[in-house]
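Across the two complexes that follow, subunit A remains constant while its partner is subunit B and subsequently subunit C.
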Partner chain A sequence: MKLLLFVVKKLARLAVLLIALSMAAFALVSLSPIDPVNAYIGADMLRVSPEQRAQIAERWGLNDPPVQRYLRWMGQALQGDLGTSSIYRQPVITVIGQRFTASLALMSAAWVLSGVLGFTLGVLAGGNEGSPLDRVVRWFAYTLAATPTFWLALLLLIVFSVTLRWTPICCAAPPGVLPEEATLLQRIHHLMLPAATLSIIGVANIALHTRQKLIAALHSDYALFATAQGEKRWGLIWQHGLRNIALPAITLQFASLSELFGGSVLAEQVFTYPGLGQATVQAGLRGDVPLLMGIVLFSAIFVFTGNALADLIYHVIDPRIRLGGGA
Partner chain B sequence: MSDMSLPAPVHRLATPFSNRRRQTLWAIGLSLSFLALIVVLGQRLDPAGLDTNLQARNQAPTWQHPFGTDWLGRDMLTRTLRGLTISLAVGVIASALSACIGLLIGLASATLGGWVDTVITWVIDMFLSLPHLVALILIAFVFGGGLTGVIASVALTHWTGLARLIRAEVLQLKTANYVQLSERLGRSRIWIARHHLLPHLIPQFVVGLLLLFPHAILHEAGITFIGIGLSPHQPAVGIILSESMRHLSTGYWWLAALPGLSLLVMVKSFDALGENLRALLDPKTSQE
Partner chain C sequence: MLAVRNLSISFRMYSAGLRQHEITPITGLDLEVRAGELVGIVGASGSGKSLLAHAILGILPANARTAGEIYFKETLLTPDRQKRLRGKEIALIPQSVGFLDPLMRVGQQVRRAAYLSGANGSAEAAQRQVFRRYGLRDEDAERYPFQVSGGMARRVLVSTAAVGQAALIIADEPTPGLHPAVVAETLGHLRQLADEGRAVLLITHDIGAALTVADRIAVFYAGTTVEVAPAADFQAGGQALRHPYTQALWRALPQNQFVPIAGSQPPPDQLPAGCLFAPRCPHVSAACRAARPELRLIRGGWVRCIHVEG
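Right, the complex of A and B next:
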């Protein structure tokens, strides 16, 4: 029952957020000096007559006042129609759906890898506070935080694709094969480097956080008590440490979806991986307003879901604040 | 024995890395001089290195061209330093703007309260609900790209953290005993703001500004790299790296590796500068 209330509350909040965000984004986009008709026509600029332009503007309803345009857009959006993408010539929903499936494979691989790796590094560093290992992990994590994602992607590309020739240079499938028809092995092969890029970048935050939490746990009263009872260092970490640091780490990992999305935009650009990130860049570059609006709303839902799941996991797992109280 | 061991502590104090404060000051000095070096070299280096020289194209790094040359025979070290200077300038302008926005909005939120506070909290939540890069692309698009687009997008997306910090700080100060005492003593609001609030807020602002630089520069490079930022006529580091992509498959690794490494070192020195100044200015850590 409490769970249902939790979900309903979150959904209501998401709805309000999406309405406010769509208004703000719509207002911003209509201020842009980039003329959507010109952006749509692109290189055919000279071959399109002013009358044809007027027709396109009329058909898209660009001559109406912004408020009216917003209400019309909103009305259609509520029926599941976010308009048609001008660069992919497909409904925005379809484009986002297809692209997100490709990105989801990439992002989930990176999400799991960076979580496991970052957590392990954090435990090793925090358990050996002040040791050379700890210093190395900390230096590594702080340096990663200053590393441009796209540069790391370029380095991996140079080493593994150009020099060693272990991995393909680009795309989601071998040349001449449609991404939908590629075998699972081929897909994984093309996914490896972009996923590695995102995993390496994602490690920094979680490793530093876990290290901090573990050090705090090891300096606590219950840790002191366990030590007095004769518990060894790693036994202490295993029995008392992990239990206390696992939950914040999971929460942090769910809350990092925003950065993961941003990283995937850059990584997909380097590896020409046909995911949602690449579509975002194209929409921004070529002035595809319906697609840009769709991606803004979709990415907000994505980030919101991550945060809501983090909250939910806290309530489900942590006995101290479990939903349903003392039951 | 005793006169042998006595001078040792004195000697220890004299070495540059003997205590935390000295270490911090050295780190600040080093980062500052490195950043100054980039700017000075970027301005002073012989512009002949930017000329096309087809006889010396695609050369791997040598003593004459430490960063190698590109497909037009331009010296990559000169290009990188120029690019870093552009990125630095954009980063500094954008983060200064962003810090000012953060300060004003934080102050407004804390002092005006009521519905202003509610609206501002909502706007901040809205910004945080979007992936940072999506917000950057959206705003750069709204401003029509180019230099204005980059500066506006970076400035308009980085103020939220500082605004929250300033808001919390002011709210906390307003309830502090000495501020309330001042009010009872009949001090004017301006007097209180000048004597009680500013001394706390200025260090926060300066450190907040410095810690914004690394993010601002990385995001500037990011959106320039994907092509929404500066045009190829303003070869910032992002442009250099994105141009290098076309030549990587032929094995010219130095086109990307070394400029990117320089960017990393520059971002890291800004980070070191900010973190060390914070340690120095924060009363909790300044005595360590």
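Right, the complex of A and C next:
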């Protein structure tokens, strides 16, 4: 019952968010200086007569006032039709589906990697507070936190793809091979560097957070009492530390999906990885309004789901919330 | 079992302007507890009672410095030995469930204490047994700390210490603001532990409560023991007691004259040079202010006052 209420509340929130967001996005797109017809025609510019342009504009309904266009888009969206992407010439849903599958591999690899690595580093640093290891981890994390994603991506590209030639320089598959036809090994090979870039950025946040939470846990009254009971440092961390820091860490990791998504846009751009992030940039540059709107909605749902999951996990796992404040 | 000799604890603190200064919450403290005996340590808050518990267990904060000696079973308690003995030979009963891991079921915490105590046999059996001893049901083991309250919390906390074979049990303020029935029950449990042959140290600000179960009472003032007297002396009345502070404490009890003591305890960074009680003592003389009085054995009790006659 509580769960149902939780879901209903979240869905209502999401609906409001999506409506507001779509309006804002639509307003921005209609103010954009890019002429979608020109962007669509591209190099064929000279071979298209003004009459034909007018026809295209008419077909796309570009002559109508923005409010009317928005309402039309909204009406179709409510029926599940997000329109057709002008650059990929496919339904927006199909494009997002394909692109997201590629991004999902990238993002989940980075997500898991940054979570595991960040948590481990945080525990090692926090468990050895003030030690050289702690200082190295902190220095590493602060440096990473201050590093722009695209710069790191370029650096990795230069080191591992150009100089060492360990990893491919771009794309999701070897040249001449369609991404769908690449073998698992080829896919992983192409995924490695973008995933590493994305995860390294995420590591800093989770490591620093975990370190701080662990230090707080080790200075708590329950840690003092456990020490009085004969618990040693790592017993303390294993028995009480991890139990008390895992939940905030998992929550943080779910709540960081927005940064992950943002990071993937940049990383995919640098590595020419054909994911949703790259499609976002293309849609923006070439005035693909339906696709852009679709991606805006989709990414909002994606991030919102992450945050909702973070909330839900707290409710399901933390006994103090799950069993109610009985004390 | 336990002997504390001339123990001092000081902390280096940094005040405004990064000037380093030292505070000494415990100075020249002496105490003795024998097997089978329950000694109550009473003193106002800020008299350094909890620090004594932490010093015995070796869990003082890193910036604390200690001087003097603590002997456990006639052997000096070094930091190394403390590490080996705590949880096994020396157990702590904390103030509240705030000292339990909020995310671990209480039964599991008692089992962990059993495991750490080094007892043979299964920790689970030990936990069930100790729960039964204190009238807790098996289902209670499944509760989280936030789900236990009042009396049950006391029993769980006592269980964590009683589940092992500790020869010395230190109860640090175990009855803070509790219902009188719960206080009586908890004190009864501590008395039982002493009657089993363990040494029990009951640290409390509630002298009335301590008197109901203690064999001897050690009175703390400004971080030192001013008097260690048999509990019977308190029953006998103010005249049987030795130190002016103890007598004042006795008069402050509700069942006696209920007169509060004038003045307040000196803060640990402004201790007087001579007797620590001198600023509030009705019998103070120039000699009192000259030097710290030594502990003297008078009429079967220890007292730190130069003007008490045998």
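Convention: the second predicted complex is superposed on the first by the 322 of 327 C-alpha atoms of A that agree within 3 Å, B and C clash if a C-alpha of one lies under 4 Å from a C-alpha of the other, contacts with A are read in each partner's own complex, and residues count from 1 in each chain.
The criterion applied here is as follows: contacts are C-beta pairs under 8 Å (C-beta built on N, C-alpha and C of every residue); 3 or more make two chains touch, one makes a residue touch a chain.
Here the structure is a predicted model, which means the values were calculated and not measured.
Trainee: Will subunit C clash with subunit B on subunit A after the two structures are superposed, or do they fit?
Mentor: Fit.
Trainee: I'd like to know which partner A:L164 touches here: subunit B for first, subunit C for second, both or neither.
Mentor: Neither: A:L164 stays clear of subunit B and subunit C.
Trainee: By the touch definition at the top of the document, which applies to A:F225: first (subunit B), second (subunit C), both, or neither?
Mentor: second
Trainee: Looking at the overlay, does A:L185 come into contact with subunit B only (first), subunit C only (second), both, or neither?
Mentor: neither
Trainee: Now for A:T280: first (subunit B), second (subunit C), both, or neither, which partner does it touch?
Mentor: It touches subunit B, and subunit C stays clear.
Trainee: With both structures placed on chain A, which of the two partners, subunit B or subunit C, ends up touching more residues of subunit A?
Mentor: In the superposed model, B touches more residues of subunit A.
Trainee: With the C-alpha centre of subunit A at the apex, what angle separates the C-alpha centres of subunit B and subunit C, reported to the nearest 10°?
Mentor: For this superposition the angle at subunit A equals 80 degrees.
Trainee: Give one of first, second, both or neither to describe whether A:R243 is in contact with subunit B, with subunit C, with both, or with none.
Mentor: After superposing on A, A:R243 lies in contact with subunit C but is clear of subunit B.
Trainee: Looking at A:A300, would you say it contacts subunit B, subunit C, both, or neither? Reply first, second, both or neither.
Mentor: first
Trainee: Identify the partner contact of A:L78: answer first if only subunit B is touched, second if only subunit C is, both if each is, neither if none is.
Mentor: So A:L78 meets neither subunit B nor subunit C here.
Trainee: Output check: A:L4 vs subunit B and subunit C. Expected answer is one of first, second, both, neither. What do you get?
Mentor: Neither partner.
Trainee: How many Å separate the nearest C-alpha atoms of subunit B and subunit C in the overlaid structures?
Mentor: 7
Trainee: Note which residues of subunit A are touching subunit B in the complex, please.
Mentor: That would be residues 17, 20-21, 24-25, 28-29, 31-34, 142-143, 145-151, 154-155, 157-158, 161-163, 169, 257-259, 261-262, 265-266, 269-270, 280-281, 283-285, 287, 292, 295-296, 299-300, 302-304 of subunit A.
Trainee: Using the touch definition from the top, list the residues of subunit B that touch subunit A in their complex.
Mentor: On the subunit B side, the touching residues are 122, 125-126, 128-134, 137-145, 214, 218, 221-222, 225-228, 241, 244-245, 248-249, 251, 253, 256-257, 260-261, 263-264, 267-268, 271.
Trainee: Can you list the residues on subunit C that touch subunit A in the complex?
Mentor: 57, 59, 86-88, 91-92, 94, 98-104, 112-113, 116-117, 144, 146-149, 160
Trainee: Could you pull out which subunit A residues touch subunit C in their complex?
Mentor: 221-222, 224-231, 239-240, 243-244, 247, 318-320, 323, 325-327
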